[in-house]
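Heads up, there are several structures right after this.
What follows is chain A paired twice: with chain B in the first complex and chain C in the second.
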Partner chain A sequence: MAMSYEEQILKEKKQLHMSVFAQCISPDGKYLLAGNNYGTIAVFSMRNALASDANENSRKPIFTFKAFDGAIFALLSTENFLICGGSGDIKAWKWKDIQQKAPRVAWSLSVPHSANFGAVETNGLAYSRQDNTLYSGGGDSELHVWDLESGTCKHSYTDHTDYIHAVALFNTSAQVASGSEDGTVRIWDTRTSGEPVAILEPSKHEECINNPRDKWISCVAVDPADDWLICGGGPSLSLWHLRSLSPTTVFEAPKCQPHVVLYHDDAVISAGTSPNIYHWHVNGDSKLTTPCTAMDVYSVVINTESEANKVLCSSGASSKIDVYTNFGYKAFSLDFC
Partner chain B sequence: MSAPTVKKRRILSKTDDEQSRSSSPKRESKKAVHVKVKREQSPYDEEKEVAARDKEKDLQLHNETSTKLRNLMADIHAYKSKEQSGKDDEIDEKQKEVALLFVTLKKLNRVSHLRCKKARDETQGAKQKVDNLHLQLQNLLYEVMHLQKEITKCLEFKSKDEDIELVDVETFFKEAPPSISKPSTTKHDEHKLQLARLDWELEQRKRLSEQYKARQGNRDGVAKSIHQKKDYLESLQPRLSNILEATIPVQQHLSMPFNEIRSQHQLAKLLPRPLYFLYVQANAYHEACDGSMSLKIEGDAETASSTLSASNEDEEDSDSDSEETLSESKRRRKTMGDKLEEQRQKILAKHPLQVIMTLRFKGGTLLTLTFNYMMVLQIITVNVDIKLGGSVQQVANSASGLLSPSNLLSLLFPGDDGKESPKTTNAYQLSKIGMNDLASYIGQIGHPYRWVQWLGGLDFLSDSGGNTVKASAALSNSHMESTVKALKSRVKARLTLNQQLLSLEGKTIAVPAASINLFPTKICSSLKSWTTITAEDFQVIPFLRGHPSADRLDDSHTIFQAMMERGSAKLQVLILLGLDYPNQPPHFILNLQWVGQRNSNNDLHIRDMEAELNIHYGELIGKTTVNHLMTNQLQRVLMCLDVYLETQQGRRRDEQAVGGTEGPTEFVMEKMYTRVTRGRNRSKPFKYNSLQGYFMQRL
Partner chain C sequence: MATSESRFDFEASRGKYLISLDESRKKQSVSCLKKCADSLEGSDAEKKTALDQAYRNYVKKLVVGGSSCSDFTSLVHLSTEAVEAGLCSPATPFLLLTDIFDSVTISVCKDVFQFVEDRVATWKQSDFYSSGKNYLLRMCNDLLRRLSKSQDMVFCGRIQLFLARFFPLDEKSGLNLMSNFHLDNVTSYNRTKLEGPLRTRVPQAIDKQDSMDYEEGEMGSATPVDYKLYRQFWALQDFFRAPLQCYTKEKWKDFSNNAIAVLEAFHSMKLEDVASGKKKKKRRSHHRQQQKQGEEEEADSGDQVSFAKYLTSEKLFDLQLSDAMFRRYVYVQFLILFQYLNQQVKFKQAHHVLTDEMSLFIKETKDKVVALLKETPPYGDQFTAGIEHILSREEHWNAWKNEGCPSYVKEKGKTEQARPKSRARKRTLGEELNLAGAAKKIDLGSPELTKLWNVYPSNLEACAAEDRIFLPQVEEFFQDAIDQADPEAMIEPEYKVVNNSNYAWQAIRLLAKRSPHFFQTVTATNPPLKTVPGYLEYMVTKIAKELPQNEESKPEELKTEEETTENDELLKGPEEGMDKSPSAAVTEEQFTLVASKIGDSWQTLAVELGFSDDEVTAILSETSDIKEQTKLMLQQWQDKEGAEPSRETLIAGLMESGLDDIVESVFMEKQKKVELVFEEKQKRVVENGEGIVAESEPMEMDS
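This part shows the complex of A and B:
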């Protein structure tokens, strides 16, 4: 299909201004999916990209499809579905359909919004397998709990005073944490629908503050034993002891406001407003800092589903998605086009 | 008869000698032998006797006789040596016996001679016979050879009838009348068949020959009638021209310039093929759809008609011709420099006729396109001239380049900058006689834009293999309308751009009325300066090092630099304007100087602002405001700068609430924002909702 001259220029420019906010790995570990600020999802084949005879083309998406009119902020993979949060409804696609390159929206959850101010965005998604529940947080400052069996909103936690950036589910206990623009991390008991169990406010702790006006919390992660929680955003990335609700360690990364943090094995991996990926020991010592292409990193995923394709992928304010095969240095970049 | 006798004698005597030597040296016995021979020569029936005698017996007899003789001689000798007397009788007796034995020997000798002679005669006879037979054999062999030669001669014989192509046998039997084909005989006899077929052939040829003659007569008749009609038509011409002349006053009176049109049409016939197509198609378009266009053919008709007839002659081998002359000039390069110069002039020769197309625009602006055909290079070139009409008061400083003839129509279609010949062979033709690229002769010959070739029906791209490209009317036809439209919209775009640049140089952003709704009424930032910068200046701008947009610059871009200000914040705006504006929207690069340098290398919100300009420009274009895109984009920069500063300020107000120390509030949040930040990238509300008058984030 030949593109007209104008379309071609627009495509080039769109690529120049592209941001990839969300990534996820398919359950079989073979595919990496990435969603960008134009609402397009690209499917990359990890096997092709990692093959010894990989070339330019195998590092391009095997196919792309339009998911939203606006940006995609969150991608989540469950056993059967790819769940996607962005501007408007939460939508899901079947993996089977995606594998056959014929994606159809399997179901969608409509997030309530007022007509005037446009669609509400969903920034964070979390999925609990035991009770088939989806937690979503976004522009309406509410943490919605969705029963996927019936497709209805069970209830919503409405305490936040500004929009929610990130949602993190606890591993063993029935709790969920949400980080918000209002500067707080709130921990909710999923069995009740009332007040938060606990509120963390990093911007009130001197050791965390970078700049007093930057309060927002844009990333939250809970350690596998549910004893510790890491959060950051405007304030520095900090490790909180959940029983005492006090910060114990601050991860000092100059000029980097974190956008994403995750636990991997015994280490913590974070990235944010600098073209670097930081690997930390839990005691706050820097383990490794690796440079990457995007100047702001919004998403870091590790393919733990398939041992053969076990890589770390990072994406952000660039059309390139960096792939780290042994975490220490960038092996190559996938090209979202 | 005497010779054989002598011979015989000699032989006999010889034998005699031998005999005497071998048998006995005695003289007497020798004499006796002589006597015997003489005696026995005459009586003759010995030959018969010889025939009757047996050879073997004779041999035996001879042996016995010899033995006896030897014994007798030995006895005599013995007697004589003993010298016994009384023995003389015995000796005589013995001598008699010896004589007798000699007679026998003699007889035997003669017999053997005769036998020998007889054998010789027989041999002679046989030899004679053999010789005869041999001769006969020779004769026969010769005869055989001769006959063989005759046979091959016969075999090699060819009849003339074999060369004649005859109808095959089946058709022959089908078509020929039985009187000729005689199937009863010919079916069996091949020779007869052949003869019959030859007869049939002759018959048919005769018939055809008659036909031929009849038709020839026919043709002559027709030719004659044609000739008559021609004469009549020729006589008609002067009459018609008389009538035409008579109509001139009427034409003048009614102001209908048929004559002029006709003379133009006659000139058109002298145009080279591509220009002719161009003229015909443009004329058709002009008559059918577009009154603002006018067409004219100018040039020297006489030279044109002479070149036309010349080119007709060497149309087929024009290429080889030119090659020849080129190589010739190469040979003489050292000695005849001016000859080479002549060749160079010749290769750049234009056809003496040119088509002039004039497009008239609102406000009196005239665009004149002069199309020339390069006879050797076989391409069309165009010279562009623009006359600005009365309504265009002034050309903006920064627009002079964009309105210059060489840039005005460049990149009318993507990649078509009119600097290289669309025909690849031309480059070789030029380099062969030591000339530069065509680009260096553009001033002399005009621009060989691709759309010009299309208008002339020449398409070099699709016909890459062939050296001579035949112009096609269909191609010219299919491009005419779109090209004229593109030409018009380009000139309109440039004129509006000129207007925009004029007002920008006066530091006002004149948003067209149709677009005024796209922006809020109050915008606090303002344009402080507007300049053109060169590509060299652009490349040394410090913040562009490693900037993702830096490599978007190419030669055809005009670069503008605008400085915008609000309070202490200064925004440097770099605009890359392509020649094909507005098809390709201008590319904006921003750099904000406010608490450090902020650009898309270190500030996502600046990156978002650039995206607003470079990607979402579509919202800024209305039906009537396509050409005002750049003005609208600049207005949007001002708007976004306000949003950027005010929302940044919004944070600061919070900061004051918690006792911040970073200086006083500079920018008050004046506009309505639904949300200050949104989404994971905390994006700013750069999008203006003109209906409700508030700002929001792009989804």
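This part shows the complex of A and C:
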């Protein structure tokens, strides 16, 4: 189907201004899904991209579909569903449908919102498999707890005074952490619906502060043993001991306010407002700094589902999604188009 | 001489030596061998041969007995001591080593080679070196051929290093003179798109139900591979193998693209410095610092592994990228290649020139590589400094090769050695003999030859010795014929010896040599005799006539001899010179005369008389007056020559320096008569063009 000239230009413009905020890996580890600021989700085949005879075409999405009118901020994969958070409702698609290249919205959750502000966006999603519960945080400053069995909101934690950036579930204990624009990380006991168990305020610790006005916390990660928590944003990325609730280590990445942080093996990987992916030792020493395409990195995922496709993918303010086979250097880029 | 008294029994001596070898080995000293050698009869050389053989037999015994390394080394050590004591030939230790290396397992070889390495100073001593270098080289090459290139890397390296230490710096035997590349060293890797684990699994994948799954292959536990970089990376090896490819345009494009991609990957993927990580920790915990440092160094030095060849499986690629040593190899390869491309190499062809663009790229990339190499742990800085040092030395080697590998040793002593050498070359053996005549001892190089020669040092005397006169006296020879010629004997003509053709032939030859009548008769008899027997008969009667004056025949004999020699003055000259005035003294008067006439040319004479440059300069510094200098020189020469400075040497020196006029004026003033003869002879010499005679001429004039 031939595109008109105008359409062509528009497409190129869109491509130029594209940001990919969210990525996730399918449960079988074969596909990478990425959602951009135009509300489009692209499906990439990892196998094609990594094949020995890969070329430009195999690094383009197998297909794309429109998920939202606005931007997509969070993608999450569960065993059967792809859950997507953006402006408005939280939507889910069945993996099976996606594999058939015939995506249909399986269900959606409508985030309660006040009449004044229109649709509320969802920035962070977390899924607990044990009790089939979804946690979502976003523009209404509330952390909602959804029972996916019934599709209802069980309750909401409302302590945050500003919108929520990130949600991280603990691995063993029934707790969830949320980082917010108000400069706090609040840890909640998922069994109760009341006050937070603990509040971390990196902006009140001298060693973390970069600029006193930049308080927001945009990323949170909890270590596999639930002893440590990493958070950062306006303040530097810092490692907190959860029992003493004090910061022990600061990861100093100059000129980079982190957008994303995650644990991988015994290392910490972070990225943010610089075209680099940082690999850290937990003691705060830099292990690797690898350059990437996007000037701002919004999402880093590692395909842990399939050993054969075990790669690190990073996306950000660019239509290119960088793929790192060996985590040390950028092997190639996937093209979101 | 002792040799003639008793014959040397090789087998017995060898047996005795074997027994004393056993003893010596126990005591670790050669004193037993010495005693044994003293007890044996025979020449030194014969004894040596026996001991050499005994050593080799002993090694055979050890090898068969499966002895350990220390047994071998102690034996070789003993043999070196024996060489130093002059008991066996210098080649023996090397023969022993060769035998050992030929017959023991590689693991034992390694230990024994340790010994060889430790004793490199011994092997370099001039005795051992001259006789053993070829043995050692052959031994090492044999060993290298035996070793596996991939298994015994370290041992191979040790051998190479040993050879480098052993041979002089400018030894060319192991040199790649033409700067050829090792083009056979092809690094193969997975180039084809169809190979590899991915494709082979595809058929299974097709069975899958899912509509999209047909694209997928199950890859088991394989990790993802960045095939693009993989290919780019290994493609580089081909350029390192054959650098001349870089000069073609397309290949250069490939090369630069690949290099950029690989270096980018390396740059991005900084390697973690385990050691420095530890150090940082240490800074935090100051206690135990020292203890830790020790441990760390141990750990660092411990696990150095080297590979002969790259393993190029794509499965390993990921691990290789995070291997610091591997990276170092590649960086160093880059540096070597760039060094080559930039260098002036004699064997490059005219079209092998870098464009500006290429030079720029090389410069930038080289800087990048050096920076990366510095970053690569552990001890990146030191390592880089080392590599840069080695590469800068390589430039010297290259320059050396461009100049055609001049010897380093020669340069040093060129001025000193050049002259005496060329002088020595001019001398023929005859001259050598003449010069050495005074000393009565001639060194022919090998002791055995010298011994033989000095049985009769003078060649001419030896020829004149009585036992070398094979010609019978005329009278003796013809005795039979004379008896038969006597009519009283009543012998039939056909039985006369003169009719025997053999006898006749010998007789005529003898007559030609010995009898004054030979030529006279042929022409004088009238009528001329037609048959040989007839002629002989005539001669026999002639000789028989002379017989009665038996006593007089001898003087006559002498006379004839004199006659012949007189005919040939040339022959007579040297003989008489040798006899009568081998070392006639030079008078003080003559010295002064020579000194006054010689003038500036005294330095030439000094060289001819065997003065070294140092001595000449010493004389020069003594006084500025030329006459004084000459006198001084002659005095020194006199002292050197001893009590009787031989005139002939001086004259020979003068002639050699082209100062014939002085010779004439100084040594011949009083002998004007002889001078005439001399000139005549000179003419004849020129006609004959015989150098030896010319040199011996002056000797005769003195007589």
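Of note:
Simple rule for what comes next: the second predicted complex is superposed on the first by the 335 of 337 C-alpha atoms of A that agree within 3 Å, B and C clash if a C-alpha of one lies under 4 Å from a C-alpha of the other, contacts with A are read in each partner's own complex, and residues count from 1 in each chain.
Just so we're on the same page, contacts are C-beta pairs under 8 Å (C-beta built on N, C-alpha and C of every residue); 3 or more make two chains touch, one makes a residue touch a chain.
This is a predicted model, so every value here is computed, not measured.
In the superposed model, A:K310 makes contact with chain C only, not with chain B. By the touch criterion defined above, A:K94 lies against neither chain B nor chain C after alignment on the C-alpha atoms of chain A. By the touch criterion defined above, A:H205 reaches neither chain B nor chain C. Of the two partner chains, chain B is the only one touched by A:G70; chain C is not.
Shared-chain residue A:A51: touches chain C; no touch with chain B.
On chain A, the surface touched by chain B in one complex and the surface touched by chain C in the other have no residue in common. Of all residues in chain A, only 5-6, 9-10, 13-14, 16-17, 19, 21, 37, 39, 68-71, 73, 87-88, 116-119, 121, 123, 139, 163, 165, 181, 211-216, 218, 259, 273, 295-296, 298, 317 touch chain B in the complex they form. The residues of chain B lying in touch with chain A in their complex are 414, 548-549, 552, 583-585, 587, 601-602, 604, 607-608, 610-611, 614-615, 651-652, 654-655, 658-660, 674-675, 677-682, 692, 696-699. On the chain A side of its complex with chain C, the touching residues are 30, 45-48, 50-54, 62, 99-101, 281, 283, 285, 287-291, 307-311, 325-332. On the chain C side of its complex with chain A, the touching residues are 190, 193-196, 198-199, 210-213, 215-229, 264-270, 272, 277, 280-281, 314, 317-318, 321-322.
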